[in-house]
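By written order: A, B, C, D and E. Residues from 1 in each chain.
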Amino acid sequence: MKRIVYREWLLQPQRYWGLLAILAAVIAVGGLSALYMEHHGHWVTGMTNSVVWGVPHVFAVFLIISASGALNVASIGTVFDKKVYKPLGRLSGLLAVALLIGGLLVLVLDLGRPDRLLVAMTTYNFSSIFAWNIFLYSGFAAIVIGYLWTMAERKGNALQKPVGTFAFLWRLALTTGTGSIFGFLVGREAYDTAILAPLFVVMSFAYGLAIYMLVLFYAFDADGRPIGPAMLKRLKNLLALFIAAILYFTLIYHLTKLYGAKNDDIETFFLISGGLYTGLFWVGWILIGGLLPLGIIYHPELSQRRDWIAAACGMVIVGGLAAMYVIIVGSQAYPQEMFPGYSVIQFGAPGDIGGQVAPYSPSFPELLLGFGGVGIALLITAIGVRVLQFLPESLADRDVDPHASARSTA
Amino acid sequence: MSFLSDVYAGLFYFAAFVLVAGLANKIIQYARTPAPLKIPTTPAPTTKLGVTLRMTREVVFFESLFRGSKWTWIFGWMFHFGLFLVTLRHLRYFLDPVPLLIEMIQPFGIYGGMAMVVGLAGLWARRFLVDRVRYITALSDHLILALLISIGVSGLLMRFVVHTDIMRVKQFFQGLYVGQVQILPADPLLLLHLLLVALLMIIFPYSKLLHAPGLFFSPSRNQVDNPREQRHIAPWAKRLEQD
Amino acid sequence: AVLGVGSAAYAEGVGDFVLPSSKAASLENCVEPTEYMRRNHFELIRHQRDETVYGGIRGDSHGLSGCVSCHVGYDDTGAPIEIDAEGQFCRSCHAYASVEMNCFDCHATVPRGEAWNHEVAAAHAHLTGSAPIGPTAAER
Amino acid sequence: MNHENESMNQGRRDFLGAAAGVSAAAVAPGVFLHTPVANAAARTDPVTDLHRWGLLVDTSKCADGCTACVDACDSENGLNLQSKPHGQDELKWENQRAVWIRKVKLQDNLTGHVTNLPLMCQHCEHPPCVDVCPTGASFKRADGIVMVDRHTCIGCRYCMMACPYKARSFIHEQVDHKLTRAPRGKGCVESCNLCAHRLDSGDISTACAEACSAEGHQALIFGDLKDPMGPLRQALAKTPSRQIRQDLGLNTGVRYAGI
Amino acid sequence: MAKADFQVPVLKQYPEIPEIEPGVMAHSSPFKSKPQFQADLGFPGELVDDWQTKAIDKMGDLLGRYRSLRVYLDSCVKCGSCTDKCHYYLGTHDPKNMPVGRQDLLRKVYRRHFTIAGRLFPKLVGAEDLTEEVLGDWYSYFHQCSQCRRCSVFCPYGIDTAEISMAAREIMDHIGVGQKYCNEIIAKVYKIGNNLGLPGPALVDTLEGLEEDVFDDTGVEVKYPVDKEGADILLVTPSADFFAEPHVDGLIGYGKVFHEAGVSWTLSSHASEAANFGMFIGSYENMRRVALRIREAAIKLKVKRIVFGECGHAWRVAYSFLNTLAGPWDFLDPRYPVPQHICEFTYALIQEGKLNLDKSRNDDMVLTYHDSCNVARASRMGDRPGGQFDIPRAIIRATCNNFYDMDEETIRDRTFCCGGGGGLLTDDLMEIRVKGAQPRVEALNNVMQEKGVTHMAAICAICKSQFTKVLPYYGMDLDQIVSVHQLVSNALVLTGEETDDEDEVADEAA
């Protein structure tokens, strides 16, 4: 069999260090924001007792599910034996770990007591999905590192398939688990449905792949490695499939909600009257995150252009953040219904929110913390591809799949 | 009780003397020995600043070792970084008042202690498992690892299982500064810990632990790559020219 | 007012950190032998903490509120001084040994509104900030 | 809104069933003989499941404009010692400060009838907050009190997401003043603990119920759901009551009459 | 395939780290130097009496003179990072060919005599006396090190086994145990001016032959001058360039490049050798003596610049040591670095667009590039670190259409030595040369299989000679190795050159 040759990322030192410096600056700002919020307490953020999870969770959840989605590419290669995806596997694993770490870090820094991280890692409540998620996350990191090892070390090659399959299953569990964090919140109208889990799975596929493709394009362009048109086409079609799946599950989600008749209020809220949240849903989640990229990918001309495909990936990511915002923040802002048939005319002291939409405006530090998490993920990736052999030397069609290119030229 | 304190006081005066004198002697010897030729391993930095950065990367990240052997790097780095944190944490016994920075690092020192022991265990395992490393290992290599692991384990035991009287430990060492012998708690673990530490201090200047200062004097790492721009010549080589 | 600060920081013998103005000063021993307390007091409080929080056991002197009530120092006017203040009992040691202790992020540093028990409450009625004692349901 | 009424009736029937279950448990051998007495000393042995503490709120007795229970809880548990951080917006602060019990005023959509009631942690038998807590800091004591072990709470706020009653508060700011009996600090979540320190110190009362009685309203009755002779079970037997969001099947320890 | 009386290593698709086989290479040692050549270099003719004491004294002397030796002997922690890095270990499996194993041969004696621990507890720290057996090991194994410095890249302290080998060889020379190949060659340089013992008139003859060949080929009169006083540039090149294949094609290339650049240049018969074997035997004095010949030639010919031809070890001595050994060079043109590499020279011309290169003329080859060890790890080209990797590659890319790199772990500063450097390029060491070449040949084989590579370019005379000799053992062709300037020579369209197809060239140039 033909070997796939991997090489460290050979970006010019100045450019490379410049990139690291930028990422480091983003991370530093994120870190300072976290410190600021931690020092003063959460009152300096937009979060309240009504909206308890804000923008940091939007970023964290986005990064975590993207992490699991990023591994998809490797899974396709090993689990489903699609040889052409094999060269993409290592970067996929690295990106998965990096995104996961970025997301978890944001999550941890948004805790009320991050100093008790050790408590979180040593005392578990096994009835909590969240606790299972901690396992799922750390297990994920460990398994992917093992998986990477089987890909990189020839002694481990034989194990690649079983480990890869295990990682694949684990990853499904992880996204399902993340989705279930919300799915099992019976007290919140928007969440209480099992459809959230599969929705999160397809979202993870799309977001992970979009990030993967952007990183791949950038890394390959920066040190002049080729990506063949067949490869590009394959990736972009995959992305289209996932986007379509998101749209489909979104539809199902709202249909189930509408079907459960007493939920029509929250449906009205999301789809019609929810102001910002309605806007984010239609413009962000559906249009920018779904229809536009689909349009680009199936456009006869634009779909041939790398920069347009990259733009489509960017849109999927923006749409994903919007979707997370609607799911996480929107659902908290919507009042919890405790007294059916009654209107709440007073709920504690005047500022205390009950029975009406809770206000939430993210503060700057929250946003910066979120970006810091993205920065961490990218920094890990950038260092990883530089010091270890993650990137194949070429994704030109003839190197990846000699038969395919023979066929096409024939 | 106070006899024990006296013995330990004497031991630590001796160990500190050996450590300082021995190291100073070695460092002076290294500094005095000329490096007649430019032998940086290239690609090497072409400026002093670049060399400082290269050296920093070597000291902080063990860059070359990373390129050479990933497993050794993981364990080695864990051990050294752990050791570094533990050392910072230990400064609380030796400084009064304790600087804020040290105070803030305190809690991490414990993780450092654990990392250190795990790292050492990994390094030791390698000495048995990898045939090439087994071949180059001398008895002393095993003993140094054993010594460090014992120090770590006795320390962790004190931290987690059999607590000792930290106040007295600190007072003992504060006393040594001014030549007073205070009471040292006669807890067996503490005595063991301290005995091994004194041993470590004594062998430091006479063993491979010299790698710590050695790295800074390694010509293949600390030289600037500018032989064409600047003439580099050792005094003894200069003398050849006068003939 | 802050008595014994100087000696506290450099105390040599066992029990020398105890503040002369505290209740402990007049007693022979801590809740356990003092040698033991020096080495293991935090294990004790931690153990007691779980007993109290999960088991509801509050009738034991090993709790943090117990420590505070016995070891807190008083100024000339008889007002208690925060136990983690500079030179006070907990701080004098912990600063010297540079051991971080975040208990007092949450816990009161002077006896103030002790657990609801009218005996305890009555005993501290004279202290500023104590919870007002009302008649209990039983008494009414 | 027909089906709403239906579900209320359904609720009532459910409750009767549940109450029957409670009494059945209480009649179990040995249990019946034990009646709690107010011993003046603090407890020295761990709490057991021989009791399950609860409250009955008779909304018909809860007075418009009265906040005695809220005030009592505030001073009992040191909540009145919280102070608005310098520079924080007043309304936002109200939404950020810890509140263990709040006064809620409702208006019937059909009749326009106004109902008052205090809302606090409902001390669910199957508490979602406990289910979700990753560290197990949210827990249910053997005697049915749901509370937070703030030594292991990491401030993730998942329990707040899970609680259907908005019963929990996050401490958003540094707390400078605190009571010995009610420690409190930045970054943890807390909620009504049925005045556990009172119970553990030998008294059977909560500050809120006591205050309500003191005001002469008697809208709050505290007691042991497992003691058929106790005041709570007696009152429950007399008045039909239901649980808020009974549909969730959490079997709350706090019951409401009159809604 | 060449015949071997030893087992030629098998080439694998993926590199493998072998298990140790102690002592398998103990028999391999080079012929000893004859007393007469020892004397020429200032060493005793044969093993002296009380050689132990003398050796220890010499070691003490070197410890006082070389910080590298002192620090390296103290610092090794036996981490093992270097153990699988030496091509001789990979090819022979002998643990004494692991860099640290090699160092330890010297280190154990150092510990015994120069450290307290070794004096008091020799067993504990693995210290040993200098016995005859140890000396035997020294002679064998310090002549199985090509001083390629690959080990120093991966050692956390940069411990460079080359320095240790040099010191050991110096000590051995001082007790009368010298190596024939190196010492004879140095003696030849002293007598005749170059390693091959090619006298001045023969040199002139050869170069005239070249001029004719080039004229026949291209119709352009390219000159290859010797001892031309007043020329701008003194070219110092390894003597193999004068006749060995493929070296000589490189030399033809240099001449064409100079010709196109329009500069005046010359060779010198006094300094007709770039390589400096003084380095191999670790003798500062001899290295200096050899280097001074270049200074003398430069002064005599009144040149303004010095340019070195393609040779690895030579370029190390030139780039890193020439200023130290034979400087200062203040009488030369200060606008140019002293010395310059021919690649730097050619690269600058390419950058300025002064060379008309027709890449298609090299279309019969698919190339890869071998970073010669001493160029890669002990020198630089251009003004940026790493120029020694980029500049030759840039030249190849400018002259060829088909170029692929070998595996990343085997190129740039991680390159594998050809197996013949450091004074081992002698037939009496054929076994170690063939086995030591295995890692490099393995990587070459992989690109041949996968990318269809046909030729490997190099810029070192030793590499070129070594590969032409060794590749046949592995079933490859000896002419698969080419000079970088051979490629330049092929592609360069000289001004006024008659080409078969003028139009085509015009197209290409446009």
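What we mean here is this: a residue touches a chain if its C-beta (ideal position, glycine included) is under 8 Å from a C-beta of that chain, and two chains touch if they have at least 3 such contacts.
These figures come from a predicted structure and were not determined experimentally.
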Shortest chain-hopping distance from chain A out to chain C: 2
Distance-maximising chain from chain C - centres being C-alpha averages: E
Chain pair with the higher count of C-beta pairs in contact (B-C, C-D): C-D
Farthest chain (mean CA position) relative to chain B: D
Centre-of-Cα separation between chain C and chain B, whole angstrom: 42
Centre-to-centre distance between chain D and chain B (centres being mean Cα positions), rounded to whole Å: 58
Centroid spacing, where centroids are CA-atom means, of chain A and chain D in whole angstrom: 39
Between chain A and chain E, centroid-to-centroid distance (C-alpha), Å: 52
Multi-chain contact sites of chain C, meaning residues that touch two or more partners: none
Where chain D touches two or more other chains, by residue: 186, 188
Shared interface positions of chain E, touching two or more other chains: none
Residue numbers on chain D that touch chain C, as the complex places them: 38, 40-47, 75-76, 78, 139, 141, 143, 147, 149-151, 175, 177-186, 188, 195-205, 210, 213-214
Interfacial residue positions of chain E with respect to chain A in the complex: 13-14, 405, 407-408, 446, 450
List of chain A residues in touch with chain D within their complex: 40-43, 47-50, 52-53, 111-114, 116-117, 119-120, 123-125, 127-131, 133-134, 181, 184-188, 332, 336, 338-354, 358
Chain E-facing residues of chain B, complex: 26, 29-30, 33-39, 41-46, 50, 58, 62, 64-65, 67-69, 72, 76, 126, 130-133, 135-141, 143, 203, 206-208, 210-211, 214-215, 217-221, 225, 227-234, 236-237, 240
Parts of chain C lying in touch with chain D, wherever the complex brings them together: 49, 51-60, 65, 68, 105-108, 111-120, 129, 131-132, 134, 136-138
